[in-house]
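Think of it as A, B, C and D in the order they're written, each chain with its own count starting at 1.
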Amino acid sequence: MTVIAQVVHLVLIVALAPAITGLVRWVKARALGRAGPAPWQPYRDLRRLMLKTPIVAETSGPLYTAVPYLQLAAIWLAAAMVPAFTYDLPLAQAGDLIVLAGILGLSRFLLALAGLDAGTAFGGIGSSRELMIGALAEPAMLLVVFTVAVLVHTTSLPAISAHFIAQPVGLRVSLGMALVAIVIVAVAENGRIPIDNPATHLELTMVHEAMVLDYSGRHLAAIELASMLKLVVWLSLIQALFVPFGMAGAALTALALPIFVAKLAAGAVALALFEVGIAKMRVFRYPEFLGGAVVLGMLATIYLYVSHGF
Amino acid sequence: MAGLAYDVAHLLAGTTLLMSFALLYQRRLSAVVKVFAIQGLVIALAAAWQAHVQAATHLYLTAAIAFGLKTVVIPVALNRIIRRLGIHRTIETALGIAPTMLAGVALVALTILLVLPIAAGSALLTREIIAIALAVVLLGLLMMITRRNAVTQVIGFMSLENGLILAAVGVQGMPLVVEMSVAFSVLVAFLIFGVFFFQIRERFDSLELHYLEDVRDRGP
Amino acid sequence: MLTGLALADLGFLVLAGLGLAAIRLGARATAIVCLGSTILCAANAAMALAALWTPAAEQLRLPIGFALGWTVLALDPLSAYFLLVVNLVGAIVSLYAVAHEHGEAQPARRLVPFQLFLFGLNLVPLAADAFSFLVAWEFMSLASWALILARPDDPAARRAAQIYLVMAVAGALALLVAFGLMAGGLDRYDFAALRAQRAGSLVVFVLVLFGAGSKAGLVPLHAWLPLAHPAAPSHVSALMSGAMTKIALYAVIRLVFDLNGQPAWWWGGILLVLGAGTALVGVLFALIERDMKTALAWSTIENIGIIAGALGLSLAFAGSGLAALAGLALTAALVHALNHALFKSLSFMGAGAVLHATGSRDLEQLGGLGRVMPQTGWVFLVAALALAALPPLNGFAGEWLLFQALIGGIALPSPMLKFILPVVAGAFALTAALAAAAACRLYGIAFLGRPRSPAAAAAHEVAPAMRLAMAVAAGLCLLFGLFPAAVAGLAGPAVVQMLGPPAAPVVALPFASLVAGNTAYVATALALAGLALAAIVLMAAGRLSPMPARRAPAWDCGFPDIRPATQYTAASLTQPLRRVFGRTAFVARESVAMPEPGDMAPARHTLAVADRLWQGIYLRIDQGIELVATQAARLQQLTIRGHLMLMFAALVILLAAVVVSR
Amino acid sequence: MTILALLGLPVAAAALLALLPGYRAGAAGNIAASGLTFCVAIAVALGERTADALFFVDDLNAYLILLTAFAGFTTSLYSAGYLGHEQRHRQLAPWQIRFYHAMFQAFMATMLLALTANNIGLMWVAVEGATLTTALMVSLYRTKPAIEAAWKYFILCGVGIALALFGTILVYLAAQTAQFHGIEAMAWTELQLRAPRFDGAILDIAFVFLLIGYGTKAGLVPLHAWLPDAHAEGPTPISAVLSGLLLNVALYALLRFKMLLGANPQALATGPLMIALGLLSLLVAGAALYRRRDVKKLFSYSSIEHMGIVTLAFGIGGPVANFAGLLHMAMHALTKSAIFFAVGSLAQSRGSQEIRALSGAVARHPAIGWGLVVAVLAIAGLPPFGIFAAEFMLVTAAVEHMPWLAAAIVVGLLLAFGGLIRHLQSIAFAPAPEGAKDLRVAPPLPLYLHLALVLAAGLYLPPPLVGWLRQIAGMLG
């Protein structure tokens, strides 16, 4: 039963991912007063890329062509580990938040290597910035994990979700701080404004796009799909940690799946509106932004101590 | 008899100490040599007196050596050296006369403090002899370090030795005194020979061989 | 078993003798000696493994060594575990040396100390009395000193060797005092006697931290490490980094956990904070160092910090009576020790292969090596992934356990530690992320991109024995990464020995999963799932995208310059991070010299990095010594009268002392 | 009887060698006499413990007699090669070589006399005689620095020895207070028995003078100034015996007096005084090692440092520390003379004893160079050599009695180690100076013999020897 749920989950997220990204773009365009492409435009883009002849830089090695697939597989695996419409997933039991962070780190590591492989200047820029963002986001992420773990005494995602469903802890200052921190991390990890602009055409401000500048065809498709999937991972992670309501346990409920999709959509809309509201940041202000997340994470833990007593 | 023996010995020892102070007091080289000769004489007398009191004939030998060397041979030799090498007649002091005397008094005080715990009268003279001999030894050493002329330093060394002899003869039946004083004389002879041979005019450490600058510890 | 290990250890001495004979025999004899030590190490590893399988305490008393006692050798789970670590690395590295030593001038210069080094490394865990422990300890230092001096013409190597040996001796002296304190006037120095009167002395703890910490590279006692590791031949660096630093940690565990007695909880706090600081400092320098081996050396410091942090946590738990959590943290330390030993020796062997092939360790001279030496490239990728502490490699398992232990730290009763914990956890997380960046830089700059120098372009694959050794190490890294529970299982007996039965690590064998509380890490399942997903992705790509790929010049956004100099360099890759941290841990000064307009001279960017700790501590000590030395030398410059004055002063002072003391 | 043979042999040899012309016959005679003396010393050490009016043998001096005779023998072997080189290269005239041989034996005679004398006066005479003979040998080269060094040595040790004599007389005076007169009152054996009844206050003063006097001879800081110069300017074999033997004998004298005071309940504890001087020596000499240019001065400072350690060990007292001190004495004697053998050969080869000029030793003279490396590591207290064992015992004993002292000792050891290793690396491993020419020198065999012994002592001390040393350590209290 759980295996079937896992398979459904796997198929569902990979099928939904382009739509979520499309939804973000569509809402953004609407909010800016443009018509914008339809939310399902990403599916078309992916198909177009798949049909093109991939061009591989002469100066690159075997790793270069392998990375898109490996990275996609890694993110897909990460996605499979995050409780979605149910928390009773085998792969979610096989790892925890820290493993999840590790697998996301692996995908980032591979992509940064790919950026260096062709030996181009822009690939290097992207890798360099990606490494910095990753390095600054990870402590914040872990402190959020820490906060949650202090509350629930575990880092296992299903256990956390189950715990919050079973005994709602209510609104807490520290959870609020942790939420803000994890949103900042999610924004950074997904390369969204204000850290990175996924729609930019100005190479010098690119991060993720600079890294994959030389990819084309199915390789680019895999990378694009991976980044769409990554957005889903983070959205479902936030919902699993902070709003796991409506999520099914061992016994599936009929409403679980629509609620999950709705939560993803709501997250996408919120993200789009957030992005519309602020401007892209200079690269050297990232540390302050992400440092804020670290401090929030730390404060969250300490407030928890205060409310729990030492 | 015991009373007289004590008094004379004490008197002679006291005179030796006085001469040590006199050595520190002198500014002129020839006077220092003279005072040293007198101290040698006193030591010889002290040794002879002890020889008489203890009826130890070998101490006469010590007295004779002391007299012969310290009152006659060495002063003469030193005077010759002074003349031959043209050494300055005045003494170059590293520490002024008055401070030296003060330091000497402090040293004497130290010796008194040192000998106080010695059980009084446990043996003939022991405490007094140690106190005075100690003072003479320390004053001799003080002279060596506060006077710059080689000759005064040699005299300081020999005055130190006088303190030793004072202690050695003052006690009953100290064996090997003669042997030791002979061995010591060899040392002194070497010293004087060295001063003469290396033509040391001013200090021990300037052998007047014009190479001082490049040899003294070539390391830093 | 113990006899076998002891005899095998003597075998290294025989090999050292053979190595001396090999001066005249040439390359073949060199290879035979190295093979001999491979076999001996492998045999030792097997024996250690067997000893872990059936844990038992064995003891040998030999009437040699210390004049006032016996030499006691003992084998217990803790020493067996570290013997396993040492000999795994030793076997692989010896195999590597078979080819690495080929064609080097004066093989005996390295061969003999290398065998002696292995001898010392094997003897330390076996030694069960203070005297032979210290003898073995110093032997290890001396042999590695000789190895650092293998190329004595290099002034940097001589300087490194000098700093290394002085710090090693300082550490050994601290341990000596610690042993003296522990013996407490019994005049018996075997471990059993020391154990019998465990006093739990803080001074001993501090001394052990100093003594073993200076060997392990705990900040601020790390100064020798980034100097010595690059100066030594690569296989020796592998052994130093992989095995010797672990032996230092063995000393910490043996002396603090086993012999010193019940710790106070806050000692663990000290070690935890030191560990976190060490990890951060290490990784930050690993991030900016352009010499490959120096960067790896800094990374060793980082990992030592992680292990030390885990040990500190374990102490804090043990001091607070939380045995199970203490066991978890100690397991983390032991697991990471073994894993780090493997992947760091692999990295150093890889760096050695690069050095062999290109003649350079400077990242800015490398590039594109993955294409000219593909096999080395792949194994180094494995090493880089492990260095980056990413799943499913073995570098991740220990960190996972450490984080679990940190999270378990909320059970600690002390508010102070509770406040420290999130900070430390953040520091370790930052370390892990920066380690990934550093590993990415090492692999990416050296093996990817285009060659930055003719030597790198003309590089060739290294000898088969070297590749074989690296492949074995890489295979083990993967194996231990996929079955982390197996390593934890190996560490189990030692953990139980140190902390008692409740501390046993929970290992669920069917899935080879690590368990902490109700959380698990099932590496095999995740790896299988990941592989399956990758297969699906590949199949889908093949099915849905039929067009064959075409090779073309890199587009680079239309930027036409294809000179390798336009690539990102090692310095520029981590420049953003350097800017972020450039004012804290180290002093990074960058300056750009722009030519005047119209001048055709190239602009120059110079980067100077200084270690604050080096400037703040070591240079001060050096200046202090110089000052004292000058004064002491001046004593010799006095005149004779001056010396007499000293004598007089001594006499008067002593006489006065006699007066006063009565 | 054997004692007379022990003392008579070198005296006779000295007289004979003074007459024997020619380097070859002189060297052979020197070796033969030293070898015979060594054999007799073995007989003395193994023979019964005797005491008569003038001479005696107990475990303590038997141990040192053996050590002295052995090091004397090996040094005579070394000096044969050394003088051969000097003679070939016209550094020394035939009469100087003859003089050297005679003085070497005379020096051995004074050393053995000082050790065997059962009389505090006789011992003093012997030590003074040693001062004179070595002063003459230090000035053997007749160069200006050599004469200056000899002069400095002579003056400082002369004053020192005078103070020691005063101390000796005071000890006799102290004996007087117990109604104890005559020649017996100067015999060690008798003094030791009756010491408890002496006036402790006199013994206190006496000990201060003896400590300063014999301490000068032992090279303790701040009385050490003569030592580096004398070592540096004399012929290298003499540096070896100065460091290896003379310093030990001076310490032996101190030890004997320490035992006397130890037996007297009123007398001051001598330990703190010895600890103070020992620690000062260790620290100052350790610091002085850094700024050295002359290699023999470097190692003579190391001798000062080690004498400091030994003094410290005896100052701490107790079975372990005394054992450490005794072992250290022997190990230092063997190792330091080995170092001087190596350094002397290297200096002869380069024609300079500047540290800078000697670099590249391992590359140019592998056998001697590695010998030096091993010897310096041994003297620096690294295992598996005997000095490490001794320092292990010392530090653990110090920790037991006074932990702060252990800390100071460790700092001193480390300081000294840093200084030694710095120079060792530059001598052994730094590239040879440009255009350095090396004369051929044969590796000195005694170097390896000494190193083998030191290594063996670090790995295994035979139980009878351990028992012996324990017994002596017990005697020292």
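Basically, a contact is a pair of C-beta atoms (placed from the backbone, for glycine too) under 8 Å apart; a residue touches a chain by one contact, two chains touch by 3 or more.
Since the model is a prediction, treat every value here as computed from it, not as a measurement.
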Innermost chain, where centres are averages of C-alpha coordinates = C
Most widely separated chain from chain B, with each centre as the mean of CA atoms = A
Take the average of all CA coordinates in chain A, do the same for chain B, and state the distance between these two points in whole angstrom.
-> 98
The distance between the C-alpha centres of chain A and chain D, rounded to whole Å, is 77
Between chain A and chain C, centroid-to-centroid distance (C-alpha), Å | 35
Mean-CA-position distance for chain C and chain B (Å) = 68
Note the residues in chain C that touch 2 or more other chains, in rising order.
-> 630, 633, 636, 640, 644, 647, 651, 655, 658, 662
Please set out, as single numbers or ranges, the residues of chain B touching at least two other chains.
-> 114, 117, 141, 144, 204-205, 216-217, 219-220
Can you list every touching chain pair?
-> A-C, B-C, B-D, C-D
Going by the contact rule at the top, pick out the chain B residues touching chain D in the complex.
-> 114-115, 117-119, 122-123, 126, 129-130, 133-134, 137, 141, 144, 157, 160-161, 163-164, 167-168, 171-176, 179-180, 183-184, 186-187, 190-191, 194, 198, 204-205, 207, 209, 211-212, 215-220
If you look only at chain A, which of its residues touch chain C in the complex?
-> 10, 50-63, 65, 69-70, 72-74, 76-77, 80-81, 90-91, 93-96, 98-99, 102-103, 105-106, 108-109, 112-113, 116-125, 127-129, 131-132, 134-139, 141-143, 145-146, 149-150, 153-156, 159, 203, 213-214, 217-218, 221-222, 283-284, 286-287, 294, 297-298, 301-302, 305, 310
Complex contacts: residues of chain C adjacent to chain D = 63-68, 130-131, 134-135, 138-139, 142, 149, 152-153, 155, 158, 161-162, 165-166, 169-170, 173-174, 176-177, 179-181, 183-185, 187, 189, 203, 625-626, 628-633, 635-636, 638, 640, 643-644, 646-647, 649-651, 654-655, 657-658, 661-662
Residues of chain B that touch chain C when the two form their complex | 94, 107, 110, 113-114, 117, 138, 141-142, 144-145, 148, 153, 203-205, 216-217, 219-220
As the complex stands, chain C meets chain A at residues 367-368, 370-371, 374, 377, 381, 385, 388-391, 396, 400, 403-404, 406-407, 410, 415, 418-419, 421-423, 425-430, 432-434, 436-437, 439-441, 443-445, 448-450, 511, 513, 517-522, 525-526, 529-531, 533-534, 536-538, 541, 544-545, 547-557, 559, 562, 564, 566-568, 572-577, 579-580
